[in-house]
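Two complexes follow with subunit A in common, the first pairing it with subunit B and the second with subunit C.
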Partner chain A sequence: MTRVSRLRVRGIGAFNVLLGLATALGFGLASGWKARSSLTFNPVDLSASAPWHVGTLTLATAPADLVLGLVMVALGVELWIRVPTRGVMARFGGVAVVFFLALLLWAVRTTGPAPINFVNVTAVLVGASALTMVLIFGSLSGVLCERAGVVNIAIEGQFIGGAFVGSMVASTTHDFFFAAIAGGAVGGLLGLILAFLSLRYLSDQIIVGVVLVTMLSGLSSYLNLQVLTPFPQYNTGNLAPNLPIPLLTKIPVLGPVLFDQTGFFYLMILLVAVVSFGLFQTRWGLRVRAVGEHPQAAATVGIRVVGVRYANVILGGVVAGFGGVAFMASQGQFQPGYTSGLGYIALAALIFGRWRPSGAVVASIIFGLSLYLSYNLQTFQVPVSTEVLGMVPYLITIAVVSGLIGRVRPPAADGVPYRRD
Partner chain B sequence: MRLELRGITKRFGPLTANDHIDLTVEPGQIHCLLGENGAGKSTLMNVVFGLLHPDEGEILVDGVPQRFANSGEAVRKGIGMVHQHFMLVPVFSVAENVVLGFEPTRSLGRLDRARAREEIRRTSQEFNLEVDPDAIVENLPVGLQQRVEILKALNHDAELLILDEPTAVLTPQEIDALMAIMRSLAASGKSILFISHKLKEVRAVSDVVTVIRQGRVIDQVPPTTDEATLASLMVGRDVTLTVAKDAAAPGEPVLRLEDVVVRDDRGLVAVDHVSLSVHAGEILALAGVQGNGQTELVEAVAGMRDVESGRITLGGRDITNATPRHVLDGGLGHIPEDRQRYGLVMSMTLADNLVLNTPRRAPFAARGTRNLGAVRANAEDLVGRFDIRTTSVESPLSALSGGNQQKVIVARELSRPLEVLVAAQPTRGLDVGSIEYVHRQIVEQRNEGLAVLIVSSELDEVMALGDRIAVMHAGQITGVVDPSTSREQIGLLMAGAVGAADA
Partner chain C sequence: MPEGRRRWWHHLTTQRPWLVTLYALVLGFVVGALVIITTTASVLDAWRAIFSSWSALGHAIKLTFDVVGAAYRTMFTGAVVNPRVFWHAVTTGQGWTYALTPMSETLTYAAPLIIASVGVGIAFQTGIFNIGANGQAILGGVAGAYAGSLIHLPTFLHLPLTLLAGILGGVAVGLIPGLLKAYTGAHEVIVTLMLNYVVAALLIFTLLSTALQQPGQQNDISRTIDPSAQLAPLFGAASGLRVNWGLAVAALVVVFAWWFLERSSLGFDFRVTGANPQAARASGINARAVIILVFVISGGLAGLAGIVQMAGTTHYLDGGFLIGNAGIGFTAITVALLGRNRPGGIVWSSLLFAGLGVGGRAMQAATGIPLDLATVIQSAVVLFVATPVLVQEIFRLRHTEAGEVRLATSGWGS
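Then we have the complex of A and B:
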C-alpha cells in the first residue's frame, strides 16, 4: 500500500476520533445526568405487520452517548494504529451510523419523570430509505456513465424530467409501470443528448450536463405553471403503494425498511445487483471498463469505443429517469425544484463510493440518513435553526468529497473525449 | 504470413506522410523499417494495422488484397501490433488485458477467467514468455508490460507482429531479452516488422532493412551495412555519429544536491535521497530508463516541484523550494523534457518565445511596458546566431519544425548569463542533423566553463556527451562512472545493481 493511502486511512481514523470525542462531550456530557432518551423499534403501523413487539428502549442519555462516543473513538484509534487495507469504508460507515444514533438519543432527551418524546428508529430508517433509494438510482447512473468515460452531471436534470413525465403518466394511466417506462425514456433521451453533444461534437461534458440541468429545471417550472397548475388532475394521487413481501416484513426493524417497500425500491435493489454483476463479472463490463480506462487500447482490439459510450450514457440516463419517477412516487406528485440538488449529491455518493455500485450504496445510505434527519430533527428539541440544519448534509458532502476520502482514482479516461486520430 | 504493401500513399492535408511505399515482409523474416522521427514510419504502421486508411495503394496478406475498416479486423487477419505506448489497461490484470476483445465467456456473458488464465499459460509456454496471468499490469516493470503486449498479439493468433520502437523504454539487458524473443518468434515462422531509428539494434536483429525518408522508400539493404552508411541513407547526407570533445577541466562545484527527496504526482517517493554535484566546465550525464525519477529530479532543481527534504544549492546559494523565477534569475538554464508543454508557447511568436523567461527585464521592458523593438532585435540576432530556420521572427512557433523549436529553447537559454545548464532529453524527437547541432552547442558551453547536467534515456547520447555518468534507478543513484565504462556495466546499474561497475 502506498504511503498516501496510508495517510488517507489515518485521516479517516483521526476524523472518527474527533467525531467520537465531539459525540461524547457535546451529546454525552452536555446532556446532564438526569436526561433520559427513549427509542422505539416498533413498526410504524402496528396493526399491519408486527408479530414481535420489540418495544421501547429507555436510556440515560449522558452515559449512553458517552459510550457511543467512546466506541467511535475506539474504531478511529484502531484505524490509526492498524491501518488495515480492507474494510476502511465499512468502518467509516459504522461510525457514521453510531453517530446518527447518538444524535437521535441527544435530540429526544427529556428530563421529566416520564418520557414525553421518543423517536421511532424504524420510522426514521423507513423515512430515510426513500431518499437513499433516489440517491442510489442517481449514483448507479453515474457508475454506468463514468465507468465508460463520460461524466454525467445531468443526473439532476434526468431526475426532474423523470419526475415530471412520471407524474403525468401515472396520473393518466394510474399505473406506475407505465410511469417508470415514460420517466426512463425521458432520462434516456437526455442521456442521448449528452452523449451526442459530447461524443459527436466533443463538447465539454460538464458544460453540456449543467446546461441540461438548467434547461430541465426551467422547462419543468414553465410546464408546471402552464399544464399541471391549471389541470391538477394530471399531478395528484401518485403515491406509489407498498408491496410488502410476506413474512420477511415481520423481521424487526429491517423488515419494514427492506421488505415493505414500493416496486421502485425493489427495482433499485435489482439494478444494484445487475450493474455490480455486469460490471465486474461479464464481458460487457470488462469492455466498458476498458473504454473508461484506456479507450485507445480498447479500440485496437476492435471494441467500438464511441458505441459503448453511447450505450452506457443512454442506459445511465434511463436509470436516472427511473430515479426521478421513484422520487415523485415517494412524494405523491411533481413540484418544481423539489429535487433540490439530489442529483449532485448522488454524484458525490458515486465518488465517495469509488465508482463501485456497492460503495455507492454505502455512501447513499449515509447521505440519505443525514438528509432525512436534517429535514426532521426540527420536530425534536434541537436548538438549531431549520436553515442551518438543512445545510448539514451538503456540508458533509463537501467534507467527504474534498478532504476525507483523499485522492481517489476515477476511471483514467473519465471525462476525456475520445478522438479517433 | 507474407505481407505485401503496394504503392501505399497517405496524405494529411498538404503533407504527404507516405508516398507510394512498396514493402514485402516474408514469412519468418525480421524486416526492419529504419527512418528518422517524422519519416512516416508510424503512419505506415497505423495504415497496416487498420487505424488509418490509405489514400492510395493496397495491402495484401498472403496474396489477398485487404481493406481493414478498423484495427479489430487487422487483428482478425493475423496482424498484431506492439505499440510504443503500450495499449494496456493499467488497472486490469494480465489475463484481462490479453483476452480483451476476444474474451472467453460462460452463460450470461460471464467472463471465463479460468479459461483465460489457461489460454495465457499455454501461449506463454509455447513461446517461452513467462508472466503471471493474475498480476496487475501497472505493478509490472516496463519490460514485462511489453511482454504482455507481445503475448496479447500472439494470443490473438498474430502471424505478423509489428513492433513500434520497442526498445525506447528498455534497459540494455531487457533489449537483449527482447531480441532473443524476436529471433525465436521468427524461427517459429512469425513475420516481424521492426520499427526503429537505432542503428545498433537494427544491425543486430534484422534480416532485411528498408530505409524510409520523408515518406519515401529510399533503399533496401542487408543488415551487414555499416552504421555510417545506414545513417547517411536515413538522413540523406553524411553525418558524424560521435561528438568531438576534449578532456574536461572541471572547476568548483556549481550545482549541488544533498540528500534530496522528491515525490511524484501520485505522492510516491520518486527521488530517494539523491546527492550529486555538477562542476563548472564538466558535463554530468544522468542516465537511466525513463520513469526512474529523472523527470522529478530536474523539476525539483528547476523549482517546478516541491523538495520534501534535502538541500539544493546553486553557486553556494540555497535554491531549495525556490520559485522557478528565482532559480532562473539565479543563473540556471533549463531545457525541459516536454518542450511544447513547459518550454514554449506554441501559439505565440518566435520573438516572444525567445524572451519568455526574461520578459520584464531590460531591455525588453521598462516601467511595465514592453519594448517590442528590443524583443524583435533580440530575435533577429538569435535567429542568425543559432541558425533557426523560419520565415519570420513574427511567425507562430507552431509553424517551426521540432528541431527548430528545440533550437529556440537552446538559443533562449544560452543567450542569458548562466552558471549551470540543465537539459532534459535535449535531443528527443530531433533529426540527426539537429542532434549534432545541439550536442555541439552543449560541448561548446562546457568548454567555456559552464556546468552542464544532461538527462537522457539514450545510452548513446549519455556516453557521447558525459564527462561523468551518474546512473539512476528507482529514484536512487546506483553509481557514478567514467564514460569509458562498458555498456553492459552501465546497463546493470540502470537495472538497479548497485556498485556493479566496481567489478
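Then we have the complex of A and C:
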C-alpha cells in the first residue's frame, strides 16, 4: 500500500542532490567568506519565552550553507542508492526544511561588523504555521472526499464561504466557537450541493467544483459591496485569541509554534489524528476506501455507496469550511479574493501527500513555509522583486504535481460517477 | 383544447438540449433575483413591516418587483438597447451613437470572449479542461504589447505581427501544461490554475521592471501600442463606437473552429480522444501529440483573445488587465459549457455573457447593485446546464431519449 516505485524514489533523490548542489553553490559559495548570518529564537510574545536565556546564533554564512547543501546532497544520494520503500516523504520533508534554513541564512547575511539583519526562526515558523494550518484543513477535506471517490475541487469556494460567514458571525457574536460552527455549516452546505449534483444527477464533479468556486467568489465580492461595506459592524476583523498550553509553551521554538496557538490549530491537529486513525484503523475507514476504490464491489457486500459518498463530501465540506474560518481568524477581516488559490494549493498538497492525511500534513508544511517566505522574504531585503518571489509557491506546486510525483495512483474510482444498475 | 396550442405546450415540456439551456437561463435569473431580494436592505425592511398593515404587504411585493425589475431592466438597456433612446434616434436622426453604444459595447466585449471560449471548447471536446485560458490570454496581451509598442512597421505588417505575437504568448503558457500532461501525467487542472497566478505576477513584473513600462511612469502601466498595431473601430473613429475589427477576427476563428472540428482529420482525432480515449488509442491516434496540440491551439486562441482585447480597446496594459471581473479566460469556461463546446453555441453564449457583464456595469451605475451579480448569474446558469436532469425535474420535462452521462473532464488518474 505504501510502496513507492523505484523510479519515483530515484527521481526524488536526484532532485534532492540538485537542490543541494544549488544551495551549496548559490547560497554557500556565492555569498563570500566575510558574510555572517544571525538567528534568534525568542518568541514575539515575550510571556511565552523560555525560563532560561536563549541566545542569538551567529554563523558564517558560506560554510553553514555549504554544509547544509551537502547534507541535502547526502540525503539525496542515500535515496538514490538504497531506494527505501518507506519514509521517502519524511526525507523529502527534511530536505525541504534544510533548504528553507539555508535560504533564510543566505537572506539575512550581513558583511558589516555588527549584525543588522537577523532572522527570528520562531517568528517565521509561527507565521508559516497559520498558512500551513489552512492548507491542512483543505487537504484533509480533499482526503475525505477523494478517498470516497468524489473530487472536491470546490475547496477554494468552501474556504471563501467559511471565511465570509465566519467573519460575520465572529464580528457579531465575538465568539470564534460560533464562527467555526457557522463556517463549517456553510462549507458543509457547499459540500452537500456538490454531492447532490454529482451523486444524484451524475454531473461532472470537476466542472461543478470549479463553477462553485466561481459562484462563491462572485457572491462574496457581491455581498462584500452590498452588505459588508454599508454595515462595517459585520466585518470588524477579529483575530482568534491564542490558547497557550501551560508549561509546554515555554519550550524554545517548538513551544510558541505548537502550543501557543488558536483553537483552530488544536482542532486541526485533532482532525488529522481522527481522520488518519479512522481511515486506516476502523470499519468506517475500510468502507470509505472500498467505496473510493471499487464501488461496485463495495455495493455487492452491502455498503451503501452513495450514502457513504454523501457523508464524506459533506464532512469534507465542513472541514474545509473550518479552514476558511481559521484563515479569516488568522488574517482579521474578510476581503474578497484574499484566499488567492490556497484551496487549489491544498489540493496539490493532497496529491503530493498521496491521498494520505500524514502525507498531506508534510506537503502542507512545505507549501505553508514556502508561501510564507515568498510573502515575507521582501522584509529581509532579498534582491529579488516581490512579483518573482510571489510566483515561487505556484511554481513549486507545478513542479511537485508534475516532476516529483509523476503518475501517482489516486483512489481508483476518484471522480468516476457511480450508478446503481 | 385547440390542436395548435397543445402542440406548442408539448414542445415546451419535452426535453431537448436547447430547451434545457433556455430553462437553465431562466433559473439563473431567478437565482440572481433571490440574491438581490435577500441582500437589499430596503426590500428586507419592507418585508419586515408586513405584519403591521395590509398595505405594507402590497408595498413589500411592489418594492420587490420594482427593485429586481429595475436591476434587470438597466441590465438590458445597458447591454442591448434602450428603446426610448433608440426611438428618439429614429425619429430625430440624432443621437445614434448614444443609442447604439450598449450594443457596440457588448460586441466589443464579446469578440475576445468568443475567441477564448472557442479555445476552451476545443479543449473540452478533447476531454481536457483548460482553466488556464486567463493566464494564456494575459501573456498573449503582454507579448502583443511588446510587438505592438517596441517594433515599428506599416499596418499591413504590424497588425498581423502583433496578433501573431499574442498567439505565441498564449501558446508559450499553454505548452507548459500540455507537455507536462503528455510526459509526466501532471493533471492539467492544477497546472493551469497555478500558471494563472504565475502569469498574473509576471504581468506586474513586466509592467514595472521591463522595457514595456511606459517611459516616465512609476506605476504598472505599459507603453501604448502604435496605431499601426491597433484594431481600428469597425465604423471609423468618428462613429464614437468602440466595436472594432476584433469582431472580424472572432468571426474568422469561429469559421476556423467549425471547419477544424467538423471537417479536418486532426479535429476528428481530437473528438475521438475526447469521446473515448481507449478507442482513440486502439485506432492508432497518438495521445501524446493530441494533448500537446490541444494545448497549442487552445492556448494560442486564448492568447489571441488577450491581444484582441488589448489592441481593440485600451491599446495599453495595466496591472488590472484581465483581473477579477474582466477575467475573460474564466468567463470563457462558463461560456464554452453553456455553448456545449460547439462554435455556433459559443457565439450565442458569448453574446449573452458579454451582455451580462456590460449590462451589469450599467446596473451597478444606475441601481448600486454590485456588478458581481453577473458572475453569480453566470455560474448559476452553468451549474444548471451541467445538470440537465435537475432542470428536467424542476420543469417536469418529458424524456425523449435516455439521459446519457458524458463527462467533459477526467479524474486525476488518467
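Just so we're on the same page, the second predicted complex is superposed on the first by the 413 of 421 C-alpha atoms of A that agree within 3 Å, B and C clash if a C-alpha of one lies under 4 Å from a C-alpha of the other, contacts with A are read in each partner's own complex, and residues count from 1 in each chain.
In this text, a contact is a pair of C-beta atoms (placed from the backbone, for glycine too) under 8 Å apart; a residue touches a chain by one contact, two chains touch by 3 or more.
Computed from a predicted model, the values in this text were never measured in an experiment.
By the document's definition of touching, neither partner reaches A:Ala90: not subunit B, not subunit C. Touch criterion met: A:Ala412 reaches subunit B and subunit C at once. In the superposed pair of complexes, A:Ala348 makes contact with subunit C only, with no contact to subunit B.
After overlaying the two complexes on the shared chain, residue contacts for A:Leu243 are found with neither subunit B nor subunit C. More residues of subunit A lie in contact with C than with the other chain of the pair subunit B and subunit C. Of the two partner chains placed by the overlay, neither subunit B nor subunit C lies in contact with A:Leu254.
Of the two partner chains, subunit B is the only one that A:Arg283 touches; subunit C does not reach it.
Overlap of the subunit B and subunit C contact sets on subunit A: residues 407, 412.
Within the complex formed with subunit C, the residues of subunit A that make contact are 151, 153, 197, 201-204, 206-208, 210-212, 214-215, 217-219, 221-223, 225-227, 230, 337, 340-341, 344-345, 347-348, 351, 385, 387-388, 390-391, 394-395, 397-398, 401-403, 406-410, 412, 414-417, 419. Interface residues of subunit A facing subunit B in the complex, by the touch rule stated above, are 2-4, 281-284, 286-287, 289-290, 293-294, 296-303, 407, 412, 421.
The residues of subunit B lying in touch with subunit A in their complex are 46, 49, 51-52, 70-73, 75-76, 81, 83, 86-92, 96-97, 100-103, 105, 108-111, 156, 266-268. Residues 35, 39-41, 129, 131, 176, 180, 184-187, 189-191, 193-195, 197-198, 201-202, 204-205, 208-209, 324, 330, 333-334, 337, 369-370, 372-376, 378-380, 382-383, 386-387, 389-390, 405, 407-413 of subunit C are the ones that touch subunit A when the two sit in their complex.
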